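In the two complexes below, chain A is the common chain; its partner is chain B in one and chain C in the other.
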Partner chain A sequence: MSEDLESRLHAALTPVAPRPEFTQNLIARVNADKRTEANTRGHRRSPKATAWWLIAGMAASLLTAVGMQHHLQSRRQTESGLEARRQVIEALHITSEKLNLAYEVIKSQSSSPADDRSGV
Partner chain B sequence: MRNYSLGIFLALMAPTLAWAAPSPRLALPDFTALAQQATESVTITLDAALLAMAGRFLNGDDPQDAATKDILKGLQGIYVRSYTFDKDSAYQQSDIDAVRNQLSAPGWNRLVQTRSRKSQANVDIYIMVANNQAIGLALIASEPRQFTIVNIVGAIDLDKLHKLEGQFGVPKLDVDVAKVPTPSIKK
Partner chain C sequence: MNKAAPGFSDEQLAKARAGDAAALESLIRAHESSVYSLALRMLGTPELAEDLTQDVFMQLNGNLRTMGSNTHLMFWLRKVTTHRAIDQLRRRSRFEMTSLDEMPLVSIADGGDPLLQRHLQQLLLELSPPARAVLLLRYQEDLDPAEIARTLEMPINTVKSHLKRGLEILRQRISHPESRRCEDKST
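So, the complex of A and B:
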């Protein structure tokens, strides 16, 4: 019984030569893996390129920020200028209104001196 | 050496002398309390920088803007305080006197003084003259329900102010501009 088992094991574990296409398949597979690895390496960015893109991105952000700042400052200046213009016109309007008041008093003085008093 | 010492002395004294010189800029009191009571208040404070900025936004092609731009030349400041109330005697005369007292300082000349019993409107116009040139104008107008103070600082060309006639409704005052710096001004 034990001899039978031993002989069966021996028969099962006998070295068998690989089929003739096995080596070719193996070499083809190894070559294919090498090509894939080379392609992947070609697509990966170098650290230099990454740094360049980072700097370019930062510069673009900085330019955008400066542009925005300039735009906002220019807008604020325009608003201040228009407000100053409005105030100048209002100030001159008030001045003219009061000069008109003085003029009216002077004019009415000439018609009825008892009511008004003026000195020019 | 003596000239050198004199130069240093004058340089050191310059700020004091400048301080002592009468200024066409009035020290306008704080009217915050009055502004709160007023139904309408106008506070305009325009220094030289703001006037220059305003000038850049005035269109020279527009007649009113062109006249305004012309007047602004040489001005260093425009200060206006105007308060309107919904009842008579809402403000004290002392509020105005604080400003009026400054106009009794040397340099200020009263150009026009009007008192109307009918409308109870009083208008005083003062100018400060230096080197035959008006360098400051002050206007105080008090009515029962309104008082206004205008202070214009800088080289004021009264002829140009006359040119405002028709632009802002400014009337032509019968004031001989040429006589302004002369002693004929009533004070």
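So, the complex of A and C:
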């Protein structure tokens, strides 16, 4: 009885094919899905490439920051040098004026006794 | 699958994995009957079976690269089909009964009694989803209890218990149609 039922089940449960239109639609849909996936994969960067680009970007940012720092420091040094130069020139100018003034005073004093001797 | 000789080789599978459209079509044609039959006999209607078959093959398309061999592919197809069918049936609030007229008539060419075969398929739909899956994997796919246990991820003793109990219920309902009850649905 048991074997009889089992053989009947075997006979009753042979595979059945779906409608031919369903098969055609299924194949078309799976192929379309495959193409879409392939296109998406083509545009998508791999994780390795993404990591590489990330590291490259960080290195570029670091170099830019160091460059900017260097540029600003150099500009500050130039400005302070120019300021020092301007102050030195101004100091020389003032000194020169004072020397001129002193010279004029000495010159006028050295010419005064002669006038006294001849006039008095 | 075991009974339905797929006629699909590992070489063809490798081609399908590499994106060969013709090999992918062969794969679908070789395995769709088994997937569709499992889905149909689990869910009971051709519409639901077609939806499930399509979902399974679309999922396979995304996982094709992980299929190492045709054996692995067949195991995967059976496993995904039965698990998804059981999940669908569990989500339903009640198990829908399909009338005899709605059931597809299959395999009348082997000399069996078509009415009895249809009756057996109807009785299978009255079993609980796990018991139905066990009987289908055993008698449609020709898997042994150990293979069924691996496919359904259940202990082998549970598989044997479902087989024994399922056959008992079927035998009882064939010989005493008036005793048809949904006694197995609680299991």
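Just so we're on the same page, the second predicted complex is superposed on the first by the 91 of 120 C-alpha atoms of A that agree within 3 Å, B and C clash if a C-alpha of one lies under 4 Å from a C-alpha of the other, contacts with A are read in each partner's own complex, and residues count from 1 in each chain.
Rule of thumb we're sticking to: contacts are C-beta pairs under 8 Å (C-beta built on N, C-alpha and C of every residue); 3 or more make two chains touch, one makes a residue touch a chain.
None of these values were measured; they are calculated from a predicted model.
Chemist: Does chain B (first) or chain C (second) touch A:Arg75, or do both, or does neither?
Modeler: Neither partner.
Chemist: When the two structures are overlaid on chain A, which partner does A:Ser108 contact: first (chain B), second (chain C), both, or neither?
Modeler: A:Ser108 sits against chain B, while chain C stays out of touch.
Chemist: Regarding the shared-chain residue A:Glu90, is it in contact with chain B (first), chain C (second), both, or neither?
Modeler: Only chain B is touched by A:Glu90; chain C is not.
Chemist: If you stack the two complexes on chain A, which partner ends up touching A:Thr23: first (chain B), second (chain C), both, or neither?
Modeler: Touch status of A:Thr23: second partner only.
Chemist: Which holds for A:Asn100: it touches chain B only (first), chain C only (second), both, or neither?
Modeler: first
Chemist: Would you sort A:Leu5 into first (chain B), second (chain C), both or neither based on which partner it touches?
Modeler: second
Chemist: On chain A, which partner touches more residues: chain B or chain C?
Modeler: Greater contact footprint in residues on chain A: B.
Chemist: Between chain B and chain C, which residues of chain A are contacted by each of them?
Modeler: Overlap of chain B and chain C footprints on chain A: empty.
Chemist: Any idea which chain A residues touch chain C in the complex?
Modeler: 1-2, 5-6, 8-19, 22-23, 26-27, 29-31, 33-34, 37-38
Chemist: Applying the document's contact rule, which stretches of chain B touch chain A when the two form their complex?
Modeler: Against chain A, the touching part of chain B is residues 42, 44, 46, 50-51, 53-54, 56-58, 64, 68, 71-72, 78, 80, 82, 110-119, 121, 123, 125, 139, 141, 143, 148, 150, 152, 164, 167-175, 186.
Chemist: In the complex of these two chains, what residues of chain A are touching chain B?
Modeler: 77-78, 80-82, 84-85, 87-106, 108-109, 115-120
Chemist: Okay, in this complex, where on chain C does chain A touch?
Modeler: Touching chain A from chain C are residues 1, 3-4, 19, 21, 24-25, 28-29, 32-34, 36-37, 40-41, 46, 49-50, 53-54, 57-58, 61-62, 104, 106-107, 110, 112, 116-118, 120-121, 135-136, 139-140, 167, 170-171, 174.
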